[in-house]
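In order of appearance the chains are A, B, C, D, E, F, G and H, and numbering begins at 1 in each one.
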Amino acid sequence: MHVHDHNRFDRIGMPEAVLCSPKTPAQLDEIVAELGGGDTAPVLFTRLTAEQLSKLASETQRRLEHDPVSSTAYLNGVLPRRAGRVAIVAAGTSDLAVAREAQRTLHFCGVTGDLIVDVGVAGLWRLERRLPEIRKANVVIAVAGMDAALVSVLGGLVHAPVIAAPTSVGYGVSEGGRTALHSSLASCAQGVTVVNIDNGFGAACAAVRILGLLGQSSEVAAR
Amino acid sequence: MHVHDHNRFDRIGMPEAVLCSPKTPAQLDEIVAELGGGDTAPVLFTRLTAEQLSKLASETQRRLEHDPVSSTAYLNGVLPRRAGRVAIVAAGTSDLAVAREAQRTLHFCGVTGDLIVDVGVAGLWRLERRLPEIRKANVVIAVAGMDAALVSVLGGLVHAPVIAAPTSVGYGVSEGGRTALHSSLASCAQGVTVVNIDNGFGAACAAVRILGLLGQSSEVAAR
Amino acid sequence: MHVHDHNRFDRIGMPEAVLCSPKTPAQLDEIVAELGGGDTAPVLFTRLTAEQLSKLASETQRRLEHDPVSSTAYLNGVLPRRAGRVAIVAAGTSDLAVAREAQRTLHFCGVTGDLIVDVGVAGLWRLERRLPEIRKANVVIAVAGMDAALVSVLGGLVHAPVIAAPTSVGYGVSEGGRTALHSSLASCAQGVTVVNIDNGFGAACAAVRILGLLGQSSEVAAR
Amino acid sequence: MHVHDHNRFDRIGMPEAVLCSPKTPAQLDEIVAELGGGDTAPVLFTRLTAEQLSKLASETQRRLEHDPVSSTAYLNGVLPRRAGRVAIVAAGTSDLAVAREAQRTLHFCGVTGDLIVDVGVAGLWRLERRLPEIRKANVVIAVAGMDAALVSVLGGLVHAPVIAAPTSVGYGVSEGGRTALHSSLASCAQGVTVVNIDNGFGAACAAVRILGLLGQSSEVAAR
Amino acid sequence: MHVHDHNRFDRIGMPEAVLCSPKTPAQLDEIVAELGGGDTAPVLFTRLTAEQLSKLASETQRRLEHDPVSSTAYLNGVLPRRAGRVAIVAAGTSDLAVAREAQRTLHFCGVTGDLIVDVGVAGLWRLERRLPEIRKANVVIAVAGMDAALVSVLGGLVHAPVIAAPTSVGYGVSEGGRTALHSSLASCAQGVTVVNIDNGFGAACAAVRILGLLGQSSEVAAR
Amino acid sequence: MHVHDHNRFDRIGMPEAVLCSPKTPAQLDEIVAELGGGDTAPVLFTRLTAEQLSKLASETQRRLEHDPVSSTAYLNGVLPRRAGRVAIVAAGTSDLAVAREAQRTLHFCGVTGDLIVDVGVAGLWRLERRLPEIRKANVVIAVAGMDAALVSVLGGLVHAPVIAAPTSVGYGVSEGGRTALHSSLASCAQGVTVVNIDNGFGAACAAVRILGLLGQSSEVAAR
Amino acid sequence: MHVHDHNRFDRIGMPEAVLCSPKTPAQLDEIVAELGGGDTAPVLFTRLTAEQLSKLASETQRRLEHDPVSSTAYLNGVLPRRAGRVAIVAAGTSDLAVAREAQRTLHFCGVTGDLIVDVGVAGLWRLERRLPEIRKANVVIAVAGMDAALVSVLGGLVHAPVIAAPTSVGYGVSEGGRTALHSSLASCAQGVTVVNIDNGFGAACAAVRILGLLGQSSEVAAR
Amino acid sequence: MHVHDHNRFDRIGMPEAVLCSPKTPAQLDEIVAELGGGDTAPVLFTRLTAEQLSKLASETQRRLEHDPVSSTAYLNGVLPRRAGRVAIVAAGTSDLAVAREAQRTLHFCGVTGDLIVDVGVAGLWRLERRLPEIRKANVVIAVAGMDAALVSVLGGLVHAPVIAAPTSVGYGVSEGGRTALHSSLASCAQGVTVVNIDNGFGAACAAVRILGLLGQSSEVAAR
């Protein structure tokens, strides 16, 4: 009954992906059975926790290459390697799940994503030490919860596109990630863009869209 | 007393800009006097309404190249032309102020921005007619208020990076732009990024960051 | 002790229904015992999960015709068949529970409801393929979470009344369904109406009210 | 430059309409000049206050048939008369602007809309006196601010489709209309649908979509 | 270590009460041990669920007279009987827990509280049938979730003080009770007052304060 | 066309009142003309500012007994004197408009209301000095903005019913009165009830309902 | 009628202050007349704009020492000088009004406050250049709007108490200051405290309370 | 992989601390193993519940000195004793977890913190009895949920810095602590500062920063 969007990668360059959290085990088993045939394209599964995975049919589990930290899984391998380097910068280990979701999505799309953690702005020297590494990337993903001050500081230090992925980590006014989201949108650094809370997948997809410019002409057109 | 960030363009590629809405006429006169000297760099003024402009000193007014639709002004000309083409797509004339702010910011940064308006999704055929033009752009800025459905539809039709600039146009639940903002963040199209409500300037800055990739190497590195 | 509204169907054409989620098993057993007599009218139970059902008395369970996907149950059969056709359109399987609640409520009221899923606007061609089928319906129910862009796109493509049933599916700003709700209310398509989040039952009841017009005079009265 | 949707009425039965509040006088003059030619279709202008009207070109003012209570105007007359009767019920004169916007929109679409005001539920007898009149309508529009209790009471008294148009009238928690909106969505009456706050236009459009069923077959199809 | 407010009843006429939900079993055991001596005053425990009760020491359980529907318990009996009659009106069985909390608190304070349920405004005739009974009360407590339309309807039908106790029952915009709270505060009926969501205890305390007027002089003082 | 509720005072003991803020001058002139005849009942006008008054017809102005501090006016005098005394306690002069609206409404209903201002809890000694006076009242209305701490302190000091009227005075989180409203609802003092923000009229109406108990029997009924 | 709190400074060390925004000119004239006698204590007036000042009696204007940037005024001079130095750090001139309110309040209390502006974190080098100066202060007040990232960066760089005064400057999600407030409360820097939005006065008062520790014993007590 | 900030205490006087709630057992075991060596500095663990602790490696559990009430743990002992005394005042036992987190954090930093509970403002005499004790402290931490009226009352009674730590205890509008937070920020007492909801740790850190002033010069500098 499912009408998956098999040619999405050709059409808009985006990966075929399945959001698992709102689906039942039976629905997921059915999707994997349908999409996991011999010569079909790679598919990415997101928000598939280890606990949810354990409730799937053993055949389904066998087919999926799962990563528990990011709650992602690959079906039918990954997409071919492509140009570009992305730095995924996170304030602390608390934001690791989202940072890893971004990294796994990039890897699925054939892109290298470097993880740089424990660089919160309350200790600026830690961030400064990693700056040369960050500046080598074509795109920077800033994963940050609480006050998301990391986003503004990073935006003021690099030329590259900076994509903020606010996280829901925290308590009180931080709980759920609205403060990190709004702080990222209100960033005093110019040209920072933002994705939904905890959306490491979306940040990686945005990076992939941007990396598409690497092969395009850089000549200045006549006005 | 002002310590402007004269070398921001060299440091992170972003334009020197002044947000005028929260400043008094006296503060703006002072800033223009200080920054408007003969050999200084171009400066962009945003959120400077025609009404606010009329309260500035005549010398200040003379120096500024003002556009009333976007409430922007240039001081000391604009930056040198650079590669890349941006499509600024807006559902209707109601969103024109934000769309023009993006276009004027791009022009200030030396980038060509094409305005494509009156393509709301409630009449899909109007959008489809303009698709070939939109697909030529390296980056797409989607300016949309109300339900911001335009963002998702565009994101599903093009390969390029799509930056959503939600607008505050509307009444009831649309008033102030929260619905357009949240709808853009929750977009079912993959890899769309978002800037603050009514932030045409920020969307253009993000596009400029992205266009920086045009001159970069597109070779696939060894893993 | 319960004073059920047995003649509601006669009075306003709406079904006798029981919302189960806030009730205890003992309260539900009592209601079924009271209403489940031989010659009483059909009753619809909503938000009765399989887990909740398993805690009811076996006699209660035996009497209820339960559907686990929609968490609905019928007592004393369903109402007589009546004219009209409703299309229930949903972006993906994640919204299936709400879509099925609408379908089951329609069936209870004697109305045929056709389910059309996996037609998200990020892949417009999937929706366009199903349009002829949707256009045959007297009423369209659009079940949509996240950005609810489906509502506006549908509203711009059909003449029929379109009732939006926003869903709580999603994370970050989508969580709980407020974004889908507000987006539906702010729809740029004209004449779309909206029901509460996850209220497939209410959308179906509204459709039934509307179908009541099928038998009414269509003569243009003298002004 | 404007690409108006001239054939919207043919395509989806909805009127060509222009939302004026976010537009400048110059933009409105241009739109009227473009659309107001001899043989073009009728156009409805909404949220055009008397004050805004006074700033338009005299030629523009001459062409528009304006109503100050509802802030609406007609250009090129109205659409042909069609079948159906709508009752517009409002708790008090405070909600009159929204109620009149609904009535004027209906009239523009060729439909008769009867205004029934001063029937707040804090004095039930006033509502009960008008019930026979309300029950004659094919569709009921309930215009209500503050607690919007009128919506639920009406929904429990009539068979017809009930469309709630919450209003922004009030102070404290009522200010802006969120309470009336949420109360309408949470209505304990079954099958009530809701439009955006102060959206009398949208409620009327929804009524027009519903009245489209009057001419359709009411035979019960074989299952 | 606890410093309970033993003479609160003398000082302001309010009962000594313990809110249990945020306390640990050990804390509750300690409080009961301290307050449960032979000649001490009656104490009311609120928000003590059956599950929480089962985790207390058996001696504690023995001393408490518990009611599972309202999650309340009495220690050392109840206060002496006093004048006055309160009607507790609730739309449905879903609001029973809050209604019973009000009734149990009244009983603890020596006041008779009559429970009148299943009188939702979507079926006005059910409420009208019970009006004579309600009008006999000195104070009316209206327990209502969802749209809380019951509050306004009641306020328009009786002379007595009406205290609204909004409940958190519902889903979508009703979830958590904010809609019922705001709707009660915005009531179109005059002179209705409101307590916190789910606060049956507070509504009963307010009624007790009001009943204190029964014994006071009703002579009209010289101005 | 207006259907005023002339017998409301007989039916539920509440005054005939007109909320002026959402009405046009023409609507108000019409209402006063209709209700201001020789032998009709007294009518209270609320939220009628001096500025609004100055736009009414001179005949209308002549008939209304206006008070600019509270923005209230009397038409056809006031209601007969009745028993009871109400203390209206306010933290500072900033809350005077709301406190006076309560006092004027009470006076209209024939009740004496004593104003006690400048007793904020940040200087407890000022409140303590006025306590004997406050304790003489049958009902206490606590008018408070900002943190509304006055409500809890008062509720812990008096036996009488305490009605909180939160005000919109303040800036930042206080602006609009939500903090004062929520703080009043969450009061740690038992049995405090609350009305809408800035609703001095509603607080007075609630007091009038309560004062109705003064003449009622205080015998303890047989259970 | 006013009961001012003349001895507040003795009692809790806080200045006698009058919040002017919600008061009428007549009320302010009365307060100044009452408090402005020969030998009375200094009084601080806050939120008194130049426009409001111009509407006061000329005698009132003559007595007040007004500052238009901060909208503050002194009556009867200022308090005696006292120990301690406060650094008031602000990201830009847009936050100057709040920063100056803090400085003027400190000056009124006899404390030196140094203003350090244009040190936004998007250009970290500007902040670093001023660090030695900031580190000399006993207390730091961080005035910041938008994302308030300055608060976290400062909190990670200094030992002194850091008081965040979020400002309402900005648009979209920044408008009104909620984002700056929440970001400050969620700061990843330890031990930062926060005052209400735009509350430069309160931040200064908090600093004065803290400076009271300067004269207190610093011996480590026996445990 | 972790880059802990070992010299934070030297740099800004703040303790090395680990927020445990968002971390997995494996992550916590790794952190303790890395930081728990023989001669390393003391580390504070916050939001480590007894249940979470029980899932850690036994070696980890052995090394941590855990307190279940506050969910805190010490690794490598505590910091040296230092001057100053802090009063931690809480309205009731419901706020004990937060109050204890503050006390444990202070103890970790070498500071004495006295706990003063059960002093809610609804019974002012209980607070007044403890005032002499509270006034001896250099800093006061006010831990308060619900309406947080305690914060304003305390702020009006003491000279010392008052830090409000709002708590999430409560139901309805109190749930989650927003009301207590906003009420604290809007406090009518001057110079009160606020930390995030439930942030006893942050309140203690702020107190430690303030106590740093005890050793500093109190001479009045030349202006």
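One rule holds in what follows: contacts are C-beta pairs under 8 Å (C-beta built on N, C-alpha and C of every residue); 3 or more make two chains touch, one makes a residue touch a chain.
As the structure is a computational prediction, the values presented were derived from the model and not from experiment.
> So which chains count as neighbours of both chain C and chain E?
Touching chain C as well as chain E, we find D.
> Which chains are shared contacts of chain A and chain G?
B, H
> In terms of C-beta pairs in contact, which of B-C and B-G ranks higher?
B-C
> In terms of contact pairs by residue number, which of A-H, A-G or G-H shares over half with C-E?
A-H
> In whole angstrom, what separates the CA-based centres of chain A and chain C?
Here the centre of chain C sits 36 Å away from the centre of chain A.
> With chain centres taken as the means of their Cα atoms, state the distance from chain D to chain H in Å.
56
> What parts of chain G, by residue number, touch at least two of the other chains?
Where chain G meets two or more other chains at a single residue, that happens at 122-123, 155-157, 170, 172-174, 181, 185-186, 190, 196-197.
> Applying that definition of touch, give me each pair of chains that meets it.
So the chains that touch one another pair up as A-B, A-C, A-G, A-H, B-C, B-D, B-G, C-D, C-E, D-E, D-F, E-F, E-H, F-G, F-H, G-H.
> In the complex formed with chain F, which residues of chain H make contact?
That would be residues 91, 120-124, 146-149, 151-153, 155-157, 170, 172-174, 178-180, 182-190 of chain H.
> Show which residues of chain G lie in contact with chain H when the two form their complex.
12-15, 17, 81-85, 112, 138-139, 155-163, 181, 185-186, 190-197, 201-221, 223
> Show which residues of chain A lie in contact with chain H when the two form their complex.
Touch list, chain A to chain H: 93-94, 96, 117-119, 122-123, 126, 169-175.
> Residues of chain E touching chain H in their complex?
Residues 1-5, 8, 11, 19, 21-23, 27, 47, 168, 176-177, 181, 196-199 of chain E touch chain H in their complex.
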